[in-house]
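So, here's a batch of structures to check.
Next come two complexes, and both contain subunit A; in the first it sits with subunit B, in the second with subunit C.
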Partner chain A sequence: MNNLFSSIRPENKPIVIASFFIIAILLIGTGYTLSTQGTAPLLSPNYLLQQLQTGSFLGIVAAGMMMVILLGHIDLSVPWTLTAAAMMAASVGGEMALPTGIAVGLAVGLVNGLGVAYLRIPSMIFTLGVDSVLRGLMVAHTGGFAPQDQATPLMRYLAADRLLGVPVAIYVWAFVSICIAVTLTRTSFGRSIYATGNREGAAYLSGIRTRLVIIGAFMMSGVCASIAGVLLAGYSAKAYQGMGLPYLLPAIAAVVLGGTRILGGQGRYIGTLVGVVLIVLLNSVLSIMQMPEAGRQIIYGSVIVGMLLVYGRGSKVTS
Partner chain B sequence: MSDTTFRGVPIVELRGISKAFSGAKALEGVDFSCRSGSTHAILGENGAGKSTLIKIMSGVLQPDTGEMYLNGQPVRFRSPAEAAKSGIVCIFQELSLMPDLTVADNISISEPPRRFGLIDGREQKRRAEELLARIRCEDINPNALVRDLSLSRRQMVEIAKALGMNPKVLILDEATSALTSRDVETVYDLLGDLKDEDVASLFISHRMHEVDRLCDTLSVFRNGNHVDTFGKGERSPGEIVRMMIGRDVEAHFPPKPEPREATPYFEINNLSWENRLNGVDLSIGKGEIVGLGGLDGQGQKELLLALFGVLRGVDGKVTADSSSVSPSSPHDAKTGKTRIALVPEDRKTEGLMLPMSIADNLLASSFDKVSTGPFIDSGKERTAVEDGIRKLQIKINKATDAVATLSGGNQQKVVIAKWLMTGPDVILLNDPTRGIDVGTKQEIYKLMRDLADEGKAILFYSTDYAELIGCCDRVAIMYDGTITTQLTGDSINEESIVSASLNINSQSAA
Partner chain C sequence: MDTFANKLSTSFRQSRGFYGALLLLIVIYAFYNILHPRGFSSAVLVQNANETVAIAFLAMAQTVPVLLGGLDLSVGAVMTLTSCIASELVSGSPVEILFGMFVTLLSGTAFGLMNGLIVVYGRLQPIIVTLATGAIAIGLALFVRPRPGGDIDGDLNWAVTNSLWDFVDTYQLFDPDATWFAPFAWIPVPLIMMFAIAILVWLPFRKSVTGRTVYAIGSAEGAAYMSGLPINRAKIAAFALAGFFASCGGLYLAIQTSSGNADVMQAGAYTLNSIAAVVLGGTSLLGGVGGAVASLVGACILRVISFYFRIVSIDPLLQPLIEGIVLLAAVSLGALRTLRVKNRLDLFR
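Let's turn to the complex of A and B:
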């Protein structure tokens, strides 16, 4: 194994390990179903597409989260940004549903960015506060009851329909992925994110407008959360309280499992994609194995911690 | 040296002490001793080894070779706490107080008085009052937070804390530089008291008049060597300065043009910032290299940062060709009408993003220049990176390698190349040759001269006097936040730079 890994650039090592782990999960899951039911649903394209369809919501949230983590920050306002975007989209309805949802994401991202970049409040605290405020606003908006608004046909089409046999949600995820990947690798904004995340002081003294970079990254995170919210509302036909809660920790886990340094500055988008697929498949194999909820949580958490140990504590830079 | 003129017995003695930092010798076979009841000054240029010496004595650093004796017994301190237990206490330049604890807490932080195993607050307060009274600072409330005290008062608390450890040897590293004149007098009195109590005081100061007034013994250090120790009044200030310099100048510098009156281009008028810059006036012509000299921490760094738009609340006026230059950020400085570049002090934390590639670091100030709209143009990117690498002859393997893999000299070249890409009119350099090899240094000197010949205005801060002499058309010496002396032509020599740095001229006038 060591010989194999020595030829891989250190930043790609987590991606390769995570990819192997995905294959291992598929093999173990298939082995289990073959021995108990005599079938191999995990390897059927239709089953995999279905998993990726539900995984696309997580994938989009993780894409935005990655921008913020690359800066060495974190966006804990994702759960209620997602919920607020979904609720506002559903309650406005009609043609304006989608733009409204995305505007909510942009606005929350702007507030987060201003708070972190200008007020210099640690992002962990600031975004947590924003999350709580959004939650309060949504409870006030709905009066504490489940909202009756239905998702618009467009939202349902994007989340639940299929085009050429492939769920439309996967196309949306692919589109978001291409945008993020191009931004990170081919734009001056993307390069500035890496520079700022590596060493904010050096980036600032290089004449990079680090505050604008921070605000931009938080806005992208907000937009991604809102797109996921709108899709999720379309998938479940309506928005509901707390719909974003299950997405926060898996999104952070996917980014980190994909090899992005939690302290910022390093990471490739392809890694985040691999991380999302890994988490989605791990969940579905555990549910196929009819593992009780308690066991699932334990295995899920252990896998994340275990993989991070395998990655090592990040490549040391000495000179 | 004749030891007969000194009173007291040696309390601390160092024999053959050497210390190197990643190959660079900071101390080389130093023999040094210090007598009880003496007030002993340690003199030397920046980098002479003074700080390393006191850090070894006070247990912060361990020597590579050599022995240390305390009252004739060999000792080896592994930490400042061990040294303090043996009676060697150091008051460092960098304040060691915790701002959010009270004065009393800070004074007793290492050995708080206890009662039933718990800290005895009342006793702690009483002790603080007693120590503060001893240095005539009764007005400091032991229950006040250190955060709320002025810098000068904090330094006094620091001194009280040191006294609380009952030192036999008290080391003061520039301890008076932060003090107001009233507190300075108090410290002078205290040193007199300590002398009577047979405590040895080791005193590092760049203020010659202070040394003259307080110390009975002087030791001069140079390049990690102990040059000589002598009694007060045995040497003239001129002799002492020559002892501090006395080294060979090896580096080769490109030929300087004939001294001439350059037309002022970049003019700084009465620039002030907090208490670090106190009305700086300086003008730099196109094609001129102006050196910035003086002892460490006289405001040189702040001046460069103020010009580059990093500091907030800067007063004064800066103009270029009579139009105002007041950048509010490095981005402003880089893109304004008069473009300014800064090669910062610490290339590892301020100049470079070490884990990123050489190419990304080269482009970090010029992403906009290689982009079409928001997108980076790979063709332009490659050309720019190749140009930069060729122009500065940076030795690399692949441009995609992490910049951390390069040698110090090549890393610094990356920083300089990054800024040349922005096409600056004014180039600010903060000690750009520190810690790099001689060959690269000479390339940088040549590059500076070439840039000046292209018509750029260059302001060059260096802690190495030889560089100031070899490279600069004019040298401005800073002392206490202002430019006290400007040297041109033949008057740029070590003696005049060192005297001006120590502000000896104005001292004799005062």
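Let's turn to the complex of A and C:
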């Protein structure tokens, strides 16, 4: 067993452990439902697909967030990028709804990238500022009330319908995932992200235009957030204030649980996928157990700390 | 005299950001009082001080981990947790009230200590640890107080949220109209508490070996280790101190509102604002430069900006937008640094 474990490459270790944890969650949840109701809804494909459908919004946000975290930065503007994209898409409506939403994400990502890459302001604080500007813009736009615009049929189709028995949202998630995974592993832009995240000075000296790389990563994060926003608006039939806030911290947690280093430069996309599935399943098992909100938060926090203690430990500073 | 001038110029050179922030605060607050119909009065100062205390404490709490080069995303949640605890305990006889305050502060400090122990002995990144422990703190707060509400001693609420005159009057310490007392009677109690804790807790900590080590770790952890500084002790102490400051904020919030409320949104907003206040005060997010007093000034700036909306007639719908733009512009001032850099490689961390 020990031998088997040490033969796994270090960057894959988190992924393997997190996968084991997913299985453990499924077993515990099934054990619970078998003992109380005598059924095993957790293992039915239909239930799992439904969970993954709601998880796809988180998954798309986390995919974008991962690009930024790989650079050693962070994107705290996700909540209102997501909301702004959803609101603008719903209020433009018609054919142009989807392009408008994505354009909002691109624009926000560009602003974030310019601030971080050219003004050299720590991303933590710059994206926070952009987030509050976006919030201000949306409050001014909607007049502070819940907007009355309905999501377009296309948005609803993408978020809530099924194709061949599988929710369309999962196809969208899969499409985004493939794009991100290919970008990270097969393009020079992807390799530049890893290089810049490891040591920006070295990357710059070896001829990588690190500023453009940073801008590109933030734009991808913005686009991912806006896609999630448009889908979420379609899922709940309209955009609403605060729809993005519940996605920020779980997205960061999913990326980190998947083995991406929060300081940048290391991490595989498959890990982020595993991290998202882990968080989605953890949430659904806790709601099956009818755990009160207090207990949920405590378990949620403890699981993240516990798992990181198993595999996320850094090396000791000795020089 | 000469040495004093030297000291002053050294201090000025070392903390340009802090003096800039202080100047900005004085200018915008003076201007606010000129515009305000009842400006430069004790009543206005008392009200403003009351609204500033909680965020000022949180900004101080956030400063200590930031000086290490880390970040504490749980300060808002710890404040929420401790305010919920205080709303259960701070009532009854004076002894019970004091005991309740003690337990409140102790629980916040203990939570910070736990953060520190996980960061040091678990060897994890502070930002992700505190993200998770923040969720735990909110969960505990919901356990303590599933519904908003609470019971706080009324006298205490009145005494600490008003001027010194009311404080003395409430507790019948001496005749509040005494002539010798008149020059101090107008000072708001919350302001005194804020500065008292900053001076009694932060300044001694800063001067101690542990406090110096916090700065050293933020500048260069490897060098701090090689110099034999107590790295682990400093990190644990930094997070415990952050927990203590956050619980001061929580205690005050509970006394001020006479209730506790386990509100996730509020906790998140306070955490994010505390980071903004730290940066406005001139503390570097990369660590090693700045201080809690500077963050206190930063928090005041953040609040004074929002006070302006009361006296300047702006469409209320545009207020959040203007607040956001001001915040973004303020942090963008940090970009001036890039103009001074001679070697482009210095831009990269």
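To be clear about the criterion, the second predicted complex is superposed on the first by the 310 of 319 C-alpha atoms of A that agree within 3 Å, B and C clash if a C-alpha of one lies under 4 Å from a C-alpha of the other, contacts with A are read in each partner's own complex, and residues count from 1 in each chain.
As a convention for this text, a contact is a pair of C-beta atoms (placed from the backbone, for glycine too) under 8 Å apart; a residue touches a chain by one contact, two chains touch by 3 or more.
Nothing here was measured: the structure is a model prediction, and the numbers come from that model.
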Room on subunit A for both subunit B and subunit C (clash or fit): clash
Which of subunit B and subunit C A:204 touches, first, second, both or neither: both
Which of subunit B and subunit C A:35 touches, first, second, both or neither: neither
Greater subunit A contact set [subunit C / subunit B]: C
First, second, both or neither for A:262, with subunit B first and subunit C second: second
Partner chain(s) touched by A:188 [first = subunit B, second = subunit C, both, neither]: first
First (subunit B), second (subunit C), both or neither touched by A:295: second
Listed stretches 93-101, 183-191 or 363-371 of subunit B, narrowed to the one that overlaps subunit C: 93-101
Contacts on subunit A seen with subunit B and repeated with subunit C across the two complexes: 199, 201, 204-205, 315, 317-319
List of subunit B residues in touch with subunit A within their complex: 308, 310, 329-331, 333-335, 342, 344, 348-356, 360, 363-365, 367-368, 371, 374-376, 402, 404-406, 408, 411, 418, 422
Contacting residues of subunit C [partner subunit A, same complex]: 71, 118, 122-125, 127-129, 131-136, 138-143, 146, 221-222, 225-226, 231, 265, 268, 272, 275-276, 279, 285-286, 316-325, 327-328, 331-332, 334-335, 337-338, 344-345, 347-349
Subunit B contact footprint on subunit A (complex, rising order): 182, 186-189, 191-192, 194-195, 198-199, 201-209, 265-266, 315, 317-319
Sites on subunit A touched by subunit C in the complex: 72, 76, 115, 118-122, 124-126, 128-137, 139-140, 143-144, 199-201, 204-205, 210, 242, 245, 249, 252-253, 256, 262-263, 292-302, 304-305, 308-309, 312-319
